[in-house]
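Shared between the two complexes below is chain A, which has chain B as its partner in the first and chain C in the second.
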Partner chain A sequence: MMNPLLPLLVAIPLAGAFLTMIIGRFIPGIPRYMALATLLLLTFISIWLLVEGGTASSVYTMGGWEPVDGVPIGLYLIHDGFSALVLCIISVIGLLSVTYSISYMARYTSENYFYSLFCLMIAGMNGVVLSGDIFNIFVFLEISAISSYALVAFGVEKNELEATLKYQVLGAVASFMVLFAIGFIYWSAKTLNIADIRTAFSEGGQGNNYILIQILLLTGFGLKAAIIPFHAWLPDAHSSAPSPISAMLSGVLIKAVGIYVILRLFFNMFEITEGMAILITTLGALSMAVGVFLAIGQWDLKRLLAYHSISQMGYVIMSAGIGMILMARGLRSEIAALAITGGIFHMLNHAAFKGLLFLNAGAIEYSAGTRDLRQMGGLAKSMPFTSSTSLAASLSISGIPPFNGFFSKLIIIVAAVMGRFYFLAALAAIVSIITLASFMKFQRYAFYNKEQAKFNKEIREVPVPMLLSMITLAVICLLLSLLALPGIRETVLSPATDILMDQAKYSSQITGM
Partner chain B sequence: MTVIVKKTTQLIAGIVFLYGIYIILHGHLTPGGGFAGGVILAGSFILLILAFGSDFLHLLREERGSTIYENLAILAFLLLALSGFLAGAGIFFANWLPHGTPGELVSAGFLPLYNIFVGIEVAASILTIFLALVIFKEEILK
Partner chain C sequence: MTVYWLCFILFLTGLYGVITRRNLIKIAISLSVMEFSCFLFLALIGYTEGGVAPIVDMADPVKTYVDPLPQAMVLTAIVIGLATTAMLMAVIIRIYRKYGTFDIREIKNLRG
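Presenting the complex of A and B:
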């Protein structure tokens, strides 16, 4: 049974983007509400799919092209436990960012361009997450990447333009790598459908270029996910963008087009080999450790947060890598499942608290007009809501119970210890402590230090729409820790782990239709 | 530009335009299609602008028009895809029009319609990019 809601997840934001461009030209002030309505609809659909879909996966064939002799032709949209979670992240963080933008973007011009590009970015990410065809992933990847280039440069000042140029050049290198790898795949497997590629590869189609394809894809999507040797663009791009866009980029984009695709391809498309698994684990551990050391010395608030994104994504990659190593060795699959669950859970949590932290940074910039931690101080009195929500987010990211970050880090560390990766477990704990240190620095300098006399104006709390999205995200940060409870974990997180662990299941649901 | 260039352009532009339309309409039968034809269509406009020049305000107005055409074409494309959704029992991009005889100009159901809107979209967006670059240069010179 095909689920007719799946193509709507791509079609609605596309329609929203182009309608905004036309109607926004004639009626000023309406684009923000159109974007809000679009995102509300998407949030509703994606949560409905998560709740109603449950463990079952659904496959949608575009234009009704059925497989011929078990060989899939045409474009497929696939919705399973893992993509359902990522779709929910995209829509929820997107909705809250749009709500926040209503006040925040009032200082900028060309409102209709902003909301139109925002909807396009959402459409691209939804497409990447849903697509079951590797070339289609590339197309949607470009849609989201190009709109994010434009959004990073939205302020059109010197810094923004420099950051977006860097982002574009490295993004183009990434796209080139991905396209090159897709060319190799098409050459050796004669197909572009992910499930079919897997069948072709496992039937002995693995030529000498099999490792080259894996390395190219890991590099390409690693650039998008900003794993450590490929991270150069992220601190500039994420700190120069307008704050709601930073929240989208850090909270959602690097996951949807980076981490998600890496996990999907390396678990469901390629055979897991031990060498590749060790490489991925090393990259993850490296970005986890180096990212946090780069972060702690920063004085620019948004730059500090951006480096922490690299470090936290390291946790996700590392725990998925531990799962891959255990699966490649073929032993103790329940620990592999635990590690992968921890990674996915941390990905969800990171979307919530990093989105919130960037929104907090935007609120401080909105009221105090600075991003430099040394020029802030004593904001806790004048901005109570911003202060308390950012405290919640800082505690989450540093892994203090009862916030969500604690539980996911705990699962990751426990899985590492049980899998006998003692060094990685210790590293994860140490990185978490350094994270706590750098967020104590943020809290102290921004909110609790002596008040700086430099502010010419009186600092006031930000407008209601901004407060609304910050408080909602803080509540989500608390609620997400419920996912660690046994009863709830099985219904939400386990389907995602199952689809990644059960390699035959992903392909059989498409070819066996 | 000189009279010779202007006159030649006037003669050629119409033919280029017609050729673009030919490529778009035969998209489902011959090589080419919406994208290639759209580029040729935009080429004829760009040729005219290059030969005759255009004042700044005029360019701005033209850019506004081409942007609107671009958005409308995409929306029309989406509507066509959605029509399959509504008519073909929930299948996006369903080709529910009669397919006709293969090889005829009017055949293949929705494909020629998709090609036409892709052609308009590509022509309008390439013209918009060209105009944006020209307008940017004019603004720098000011």
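Presenting the complex of A and C:
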């Protein structure tokens, strides 16, 4: 089914980026509203596609090049259950971040560059998520990566420059590994279309470098997703960026260009082998455990949140890995489906609560002028909305009912127990408890520390646009827990799980057979 | 086969440079070496012994053509590589203005 809305998801933010730059030159003050309008439009389109699309997936062929004898030629944009969810994350968190930036970025100079780069990053991420062609994924990956390098360095002080240097060098190494792997894939499969590569690989054209391709791609996208041995850039980059950008990087970018692509390629492009599944599960469990231990000792609020991103992404990777192991062994596919559903659900939830936590951190920095937990204290009285929304997000990330984090962690742990991975289930529960401890520390030092309170008398609550986006995200945190209910879970989460588990379904929508 | 191995060695040389060099400019050069080994590899994949440019001539249809797709990919990747290098150089110049050095050991504000 041809869907004319799909290219708009890339074209609108791309046009928005350049128009913002040109018009912002002549009419100062307009860029923020143009970016807001762009993101509003994208949110409408992506939610419309999610509601309208349902279980069916839709395809758009660029230039109308139809497949010849079942062999796809030309570029494909594919929208299915899984990409629909990620597109919604990108648009909604992007919209709320832009709303927040209207007040927050007023302190910085050259606002029109900020909004232009922001739209460009959104265009890149939408392209990565929609693309059905592996070289196209690389191109869009670079668009979003280069604009995020510039956004991390937006403050151009010592710390920002150092963070962006680390991020750029590691990001460039990751990109070249991906490009090298694409070369190998083209060498052995003679095609670049993901579904077609799948067909070529399953018909025995795997060649000697099959393992090398998998390792190169896992390293490349693992660097982008900051899985634990490749995580060195994340705490620096995410803590040095302006707060709305931290919310975008942690809440959206590492998912859209890291986790999403890893899941898509390893489920829909490669044959699932048990060795690779065990490797992915190990990396996930390692990120989950090491990330939280690195987080608990931090005193810089945004660094603490950044390390928790590594840990929470570990949950997603681990549960997807458990699903892969069970699928590779060919048994108990309903438990594999449960594990993968838990992982995707946790990814959605993490976007909501981590976005909110970074916006809270930005609000504290805006009003109190510090990111050091030891210099805060007693902010609960002077900033009641920031305090209550951050309490909601903290309870959510630590897995306390009725917030969304509880349900996704519960699904992951139940799936691990049912799949007889008792050690991983216990590890997930322990990490959750340490997360709770670490956020109790954040709440106590930032909002309830009475001794520091006398220094912080004149602090005011942040302006309305910032409050608006924080309160909306807190409500989203509560509402997302509804997805765990049986009726709603089948309509929203199950299509995503189905497309990952049913490999024939993914290729049939492209070749039209 | 030797050319492919040389290409891979070039890639590893670049990676070695990125890991061991201390000077920011040398790191940028090493990244370019990695980048160009990828381009070389892609161009080599499309090469066919005795192939000509893929312009189909109906009068003389039996010819060996080189594969044009990797060449298109290399062109795209070169443009992207240019953007990456320009961005990296801009940041390095800014760092030199702030820190007054290219030595990566002197640039260590962020820890922990």
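Methods note: the second predicted complex is superposed on the first by the 506 of 513 C-alpha atoms of A that agree within 3 Å, B and C clash if a C-alpha of one lies under 4 Å from a C-alpha of the other, contacts with A are read in each partner's own complex, and residues count from 1 in each chain.
Heads up, the rule we're going with is that contacts are C-beta pairs under 8 Å (C-beta built on N, C-alpha and C of every residue); 3 or more make two chains touch, one makes a residue touch a chain.
Keep in mind that what you see is a predicted model, and the values were worked out from it rather than measured.
In this overlay on chain A, chain B fits alongside chain C without clashing.
In the superposed pair of complexes, A:D80 makes contact with neither chain B nor chain C. Judged by the touch definition given at the top, the superposed model places A:D133 against neither chain B nor chain C. Shared-chain residue A:A153: touches chain C; no touch with chain B. In the superposition on chain A, contact of A:G63 is made with chain B only, not with chain C.
Judged by the touch definition given at the top, the superposed model places A:D236 against chain C, while chain B stays out of reach. When the shared chain is aligned, chain C comes close enough to touch A:V169, but chain B does not. Seen from the Cα centre of chain A, chain B and chain C lie 40° apart once the structures are superposed, a value rounded to the nearest 10. Put simply, more of the residues of chain A are touched by C, taking chain B and chain C as the two choices. Of the two partner chains placed around the shared chain by superposition, chain B is the only one that A:L14 touches, whereas chain C remains out of contact.
In the composite built from the two structures, the nearest CA pair linking chain B and chain C is 7 Å apart.
Against chain A, the residues of chain B that register as touching in their complex are 64, 67-68, 71-72, 74-75, 78, 81-82, 84-85, 88, 90-95.
On the chain C side of its complex with chain A, the touching residues are 11, 14-15, 18, 24, 27, 31, 34-35, 38, 41-42, 45, 69-70, 73, 76-77, 80, 83-84, 87-88, 91-92, 94-95, 98-99, 107-110, 112. Contacts from chain A toward chain C in the complex involve residues 135, 138-139, 142, 146, 149-150, 153, 156-159, 161-165, 168-169, 172-173, 175-176, 179-180, 182-183, 186-187, 192, 235-236, 240, 297-298, 300, 303. Of all the residues in chain A, the ones that touch chain B in their complex are 2, 4, 7, 11, 14-15, 18-19, 21-22, 25, 60-64.
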